[in-house]
Amino acid sequence: MRAHEIYPNGGPRIGVYVCHCGFNIAGKVNVREVVEFAKTLPFVVVAREYKFMCSDPGQEMIREDVREHRLDRVVVAACSPSLHEATFRRALEQAGQNPFFFQMVNIREHVSWVTEDPREATEKAKALVAAAVRRVIFHEPLQRRRVPVKDRVLVVGGGIAGIHAALTLADAGKHVYLVEREPTIGGHMAMFDKTFPTLDCAACILTPKMSQVAAHPNITLWTYSEVIQVEGFVGNFRVRVRRKPRYVIEELCVGCLQCIDACVYKDARFPDEFNLGLGKRKPIYIPFPQATPRVVLIDPETCIWFKTGKCKQTCLEACERAAIDFKQQERIEEIEVGAIILATGFKTFDARRIPEYGYGKYPNVYTALEVERLVNASGPTGGEVRLRDGRIPKRVGIIHCVGSRDERFNRYCSRVCCMYSLKLAHLIKERTGAEVYNFYIDMRTPGKGYEEFYDRLLQEGVHFIRGRVAEVTDWAITPDEEGKLIIRVEDTLVGAVRRIPVDMVVLAVGLEPQPDADEVRRMFNISCSKEGFFLERHPKLAPVSTFTDGIFLAGACQGPKDIPDSVAQAGAAAAEALALIDKGFVELEPNTAYIVEALCSGCKTCIGLCPYNAISFDEARMIAVINEALCKGCGTCVAACPSGAARQHLFEDAQIFQEIEGVLAYV
Amino acid sequence: MSERPVAGDKGFEPRIVAFFCNWCTYTAADLAGTARMAYAPNVRIIRLMCSGRLDPQFVLAAFRHGADGVLIGGCHPGDCHYQEGNYKALRRYLLLKRLLREMGIEEERLRLVWISASEGDRVQKVANEFTETIRRLGPLRLAPRPGMIRLPAAAQPEPQPAAREGVLP
Amino acid sequence: MSYLYFPGCSLKGTGRAYEESLLAVFRALGIPLAELADWNCCGATAYMSIDERQAFALAARNLALAEAQGASDNGAIQLIAPCSACYLVLLKAQRHLMTDTAFRQEMSGVLPGNMGDPGQIRIRHPLDVLVHDVGLQEIARHVRQPLRGLKVASYYGCQIVRPFALFDRPHDPSTMDDLVRTLGAEPVDWPLKTHCCGGSLTGTMPEVGLRLNYLLLREAQRRGADLIITVCPLCQFNLEAYQDFIRRRYPDLAPMPVLFFTQLIGMAMGLPPRELGLQRLLIPVEGRMAALSKEGAHARA
Amino acid sequence: MASLEPRIHYEADLDPSFAREIIASSGSPSLMSCIQCGTCSSACPLSLYMDYTPRRIIAMVREGFKKEVLRSRTIWLCASCYACTVECPKQIRITDVMYALKRYAIREGVHPPRFPIPVLARLFYDTVRRRGRLTESWVVARLYLQTMPLRIPGMSTLGWKLLRRGRFPLLPEGIRDRRGLQRVLRVVERREVAR
Amino acid sequence: MSKPKVAFYWCASCGGCEEAVVDLAEEILQVVEAVEIAFWPVALDFKREDVERLADGELVATFINGAIRTSEQAEMAHLLRAKSQILIAFGSCSHTGGVPGLANLYDREEILRYVYEEAPSVINPQRVRPEERIEVDEGMLTLPSFWGAVQTLDQTVEVDYYLPGCPPPVGLIRSALQALLSGNLPPKGSVLAPDVALCAECPRKPTKPERLALKELKRPHQVLIDPETCLLAQGLLCLGPATRSGCGAACITGNMPCTGCLGPTSRVLDGGAKALSAVASILDATGEAEIERILEGIPDPVGLFYRYSLPASLLYRRVGNGERAREGRSS
């Protein structure tokens, strides 16, 4: 049957536009040939090429043709639809055409960038264009769906990124739930003494923000709590949060700390998590003096009452506000939010994984985070850099790239270690006067004032030895090495192997995804990149969005980041969330499934398949019906419907069959 | 350097249709592009929202219209954007493979792979491997089918041009 | 389970005591070892420096012989290679055979027997077999004369845990220390367990090799070791045979017995010294053992 | 006074295909990923005797400094202990690269004459090819005769001691099926020639 | 005015379709009254020449049952097509290939060998096979040639309407005849059966649960079938959801699962694939091993999903090794 027989009135009028994308496409695909080929396809009225179709003149070209040539179907062959499908649909709309009479062909990501031979690339591009032209004939006019949006935001993680995002949104008048797993907010930043390169006191800039969070009327702060379930979709997430028992009633505790003094343990004797075991705490404790909320908690693992059931419970007596409650149970809170910001942060690399560096074997090998606590005025040594035996080190080696830039562990550069190593080198030298050696592969200081800070350290006489350390050992060869840790390294700039005896080794451990990042990602239905950090929607154009609408990323959960970048990203995530919820509604792709009622036999095959319970059985009419508001458009029911009564907008069988035939058109 | 199978002079170039889910595998294919990971041009991708949308008819249609191999890509088990569409794809795939076997079609011509959004390199690897597998198997010699293949009827009978022959002029 | 045994050239020469003690210990444990018939040189280091493919071909012939000889046995074929160089070359060649199909095809035409799946042969080091197959408990059951008070430095050298760390960690291996403890002796914690002895360099560039061995011996001495045990004939030779030369250069070094680990096991099991080849040592161990047992008797009294 | 030699390297003196050949021969394409961190050099127990550290050898191979690399003592000092290989953060198989360089140097015949290490390799190779096994005493004796005759008197005491303890058997070892073995080796050789 | 002429013909079929016409019972008399039967070899003595003598289009309607496998069947189909205004594929075999269509699982040679040599009832030591042409004293004897595969009627000639079923249900025949006689016909190419699946008229529909999750698939001979409950709910693979209605759920009323003879609805390209998809969808397993275990309950997927429709399916016929070898020789 000929086209004119199907379409006695002339049939659809298709315009095909092939983008050069500069050289990105045109450097490989013979665009002219693709255009000429497109002209031979049925119903194609015009076919054109342009340098950058997504640019304004490119879009204008489409709009003009739609008006002038009365185009009612448009195919654009350019980049991935995830980048510019929306752009071109809008262009159609502006030209007065239904935006869904459009099909995008991905000849950049799927052709020019992944095909070596220009000939083959051109052929593949032609086939994909042929497929799109065939498909678009079968497109129907559709309407986007509008769904109202909940006016509240969930921020997961109370580090600097989560804090900043929460405050930004709260200041804009939106209600924020800030959920933090630890008993206090503050995250890693709260552990630092100074921040690079300005050497601002971390506490001075962080603790005011922490108090603001606690005091803000628009923020509900849940620490010692974890998100356990997420349902729903953009604008309408239903979230369940588990609040672990602190055995202290948060609302009653005023943080007087009388209970801690009263504890039957006279001395603090349990390793203190906040100080990474370098300090001690009691079973009833507050993580650190500026902890927010300033509420104590009881660790049932070490508390005598929980372990034996026998204790004088002196803490209970000491508390004038009767805030201590040994019977406290965990609580599950349920909230509804329109958007979610994930700011779950990072963990540091476990230095034990590189036995060559002797962490865990030699007591004087420290991780950088431990040294952060040592140099911190409120840390276990009151800011004095002392070894475990109390000595003050005279020579200190800082090894960079521990667990980073290493195929065996993490391939990536952790981005912050160079700078924090410089900072620690400075602080150690300042506090102890020690000779400090930095062992680095490459110095990476690409930030405002960072290179200047590096220069300052060079001026201070800190040693910089370019070479990755192979081994830290206590094997002395020369007398001056006796009793020291010897660092073996090639000084690659000198071109010789050196053995450098030191008293203290600091391992600049890299940043890794949180150990439970994969479970969290599943719960929120987002992706992880290869190294396990949460995956952004687009590295450049959508760096704080995810592939799940309404879920945004902030801080180091997306990849290693320093404080300025985390804060900047938190602000961006907050702005994105705000833009989403402030609008009041979201528009959804009209790719929902529907049932042609007259054709449904009521076989119920589809009903049990729907993950969202969007399909129900209409007992009166004995057929299945789809609630399009609940449908997310996966199409599983459509594939299963044995009689073809269930269908899917934008992914109609006929459209896909046409596409199959098209891609197989080996021209 | 890519290890793309080089087009031989043997004349046989496998034709491969790939149905990729929008969220994981299609995105991974985009990533393969962004990372310039060249792979065999034989693999041509059709986007579905979910591997659960994969109707076995699509696979058979692809074979009928000249595909020598069909690739289905979905999110890893447990990772489906729509909770468990990929499990449904897996069930259909396994049953379909049994059917193909009985129809004398090598099972390797149909392959289901789980590729997450970050696994651009896996798209490259799978595309190249699969193309090689099909190249080794040779063309699918499906007997020519007499008569026209009718497209299924459309939702609204008019003015949609469905319910007509599949072969456009 | 039974094992095939690939001695390698050194165990028939400088490392004879290794072979003797190994066979004695396995015999005492009731585990038969059958020597691979008509085995040839493994193709190790020096050969590899001239022609890698030929070196692999040499190893492939040994694997083919193992497959033919082990075929009657059911289950995987276990091939014990006590020499570090043999152990590594056999492993490397096996991996090469499994990945390079062209090479495998080429070999299958000329090798004795019909090479089936080269991957089914498990190449094992006797230390691995003793610790993981036999088990420390079983060895402990056979200990008749616990080596109480003896301080032992375990020395692995290279090639056993590098680059394939199949049964122990490449940087800080521990199986030999566990074994030493089982024998009643005390392992010395020293950081040079896997530092290189210089291999054939001791012969070809004495100034380099002697220094390396000096540092190893000195550190063992400083850490209080009574003796060193090794798992490799070349390591044992370097550390022991050159001690006279080393002492001439570095007089601070006292004589340090260097034993094969199998000799130490045999001693603890109370096997006759001749069966363990103790008479072949250049630096005798008996004196030290006698002193030790006197001390022990003293302590007991 | 020694004459001054210019230390400049002209591009024309470099061999741009050298890296490719060594990558193929060593089977370690990751050589191109070297970030010059020097872990190999500091892990190497012998680097302090080398004229170029292993790291520099990798850099030189990559840039085509063929002459310098093949003439260096470094490749002969490598004892194949694999310390560099297991610790390389880029998983470059440095030991295998060193093997590849040794083979290249022997094939090109550029190593120093009477330099004992390649001579030992050659003696080892010839003996095994002929007899299928090695007799240590013979190889050592010949090595000293060929490269270090002056050291023989010093070594003779050790030789005597070993002989007395049965650790230096003089009877040459060999396998029964020498012809079979040579057939195997010839197959490989033919392939090599055909290449 | 003379009565409109109609014809009936059979090709590769069992004869059940002819029976179905007779199943009209006394109504057949009304038919005979209304039309003149110009050709019906099964019932009346006509010869091919009788058809050839007709003018093109002289037959108002022709009903052909049976699939097309031989050159003779094809010739007759072409001849009747030319002489008829309306050509109706009657029954599953001419509609979608029918049970004879399952022969597309075998090569022509395999079939001939089995039928003439290997079948248990055959004694043929000389391995004699019928020849298409043989010279005898009386001259050349010929037989129709036996094709390599079974075709549907519309793969052979253009078909105007389809009357599906094995055999077509009497009700559908009746309404088709009424439509024909009244001239009240649907668009050409239509299947003369309701375009809704069988569940719509199944008496057991109310007993079907909303969420089917089958852990085990059963076959009718293995279980005692509850006569009231939905068969799928009992683990029996009933193809009703994937099959047109119009039979009044005859098999299910007989306590047997639907096997799909009326073919798929108009929206479906390949009924077997669609039925397969639906069946796979309702299995209750996520692990590959568990899925495979359940699928063991489908020992013959082609026989289950394409019992009546292999020639009409997208794959059409098995890709055979024998076929390939022959191709290899010819090239």
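Chains: A, B, C, D and E, in written order; residue numbering restarts at 1 for each.
What we mean here is this: a contact is a pair of C-beta atoms (placed from the backbone, for glycine too) under 8 Å apart; a residue touches a chain by one contact, two chains touch by 3 or more.
Since this is a predicted model, take the numbers as computed values, not measurements.
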Note to self: Starting from the defined contact criterion, work out which chains touch chain C and chain D both, please.
What the structure shows: A
Check: How short can a chain-to-chain path be from chain B to chain D, counted in steps between touching chains?
Finding: 2
Item checked: Mutual neighbours - chains that touch chain A and chain C alike -> D
Check: So which one's got more C-beta contacts, A-D or B-E?
Finding: B-E
Next item on the list: Tell me, please, which chain's centre (mean of its C-alpha atoms) is farthest from the centre of chain A?
Entry: E
Next item on the list: Would you mind checking which chain's C-alpha centre is most distant from the centre of chain B?
Entry: C
Next item on the list: Report the inter-chain centroid distance for chain C and chain E in whole angstrom, where each centroid is the mean of the CA atoms.
Entry: 76
Next item on the list: With chain centres taken as the means of their Cα atoms, state the distance from chain A to chain E in Å.
Entry: 58
Next item on the list: Would you mind pulling out the distance in Å between where the CA atoms of chain A average out and where those of chain B do?
Entry: 31
Item checked: Two or more partner chains touched - positions in chain B -> 55-57, 61, 84, 88, 92, 151-153
Notebook entry, point to check: For chain C, which residues are shared contacts with two or more other chains?
Noted result: 171
Item checked: Per-residue multi-chain contacts in chain D, two or more chains -> 83
Margin query: Can you work out from the touch definition every pair of chains that touches here?
Written below: A-B, A-C, A-D, A-E, B-E, C-D
Notebook entry, point to check: What residues of chain B sit close enough to touch chain A in their complex?
Noted result: 2, 4, 7, 13, 15, 17, 23-24, 27, 29-30, 32-34, 36-39, 41, 44-50, 52-58, 61-62, 65-67, 78-79, 81-85, 88, 92, 116-119, 124, 151-156, 160-162, 164-169
Item checked: Contact set on chain C toward chain D in their complex -> 9-10, 12-17, 38-41, 43, 45-54, 56-58, 60-61, 106-107, 109-112, 157-159, 162-163, 165, 170-171, 194-196, 198-201, 203-206, 208, 212, 241-242, 244-245, 279-282
Margin query: Using the touch definition from the top, list the residues of chain D that touch chain C in their complex.
Written below: 25, 45-46, 49, 77, 79-83, 85-86, 93, 95, 99-100, 102-103, 106, 116-118, 120-122, 124-125, 128, 132-137, 140, 143, 147, 151, 154, 157-158, 161-162, 165-169, 173, 175-177, 180-181, 183-185, 187-189, 191-192
Next item on the list: Would you tell me which residues of chain A are touching chain D in their complex?
Entry: 356, 401, 405-408, 441-442, 466-471, 488-492, 495-497
Note to self: For the complex, give me every residue of chain E touching chain B.
What the structure shows: 105, 148-149, 151-152, 154-156, 189, 266-270, 272-274, 276-277, 279-281, 283, 285-286, 288, 291-292, 295, 298, 300-302, 305, 313-321, 323-324, 327
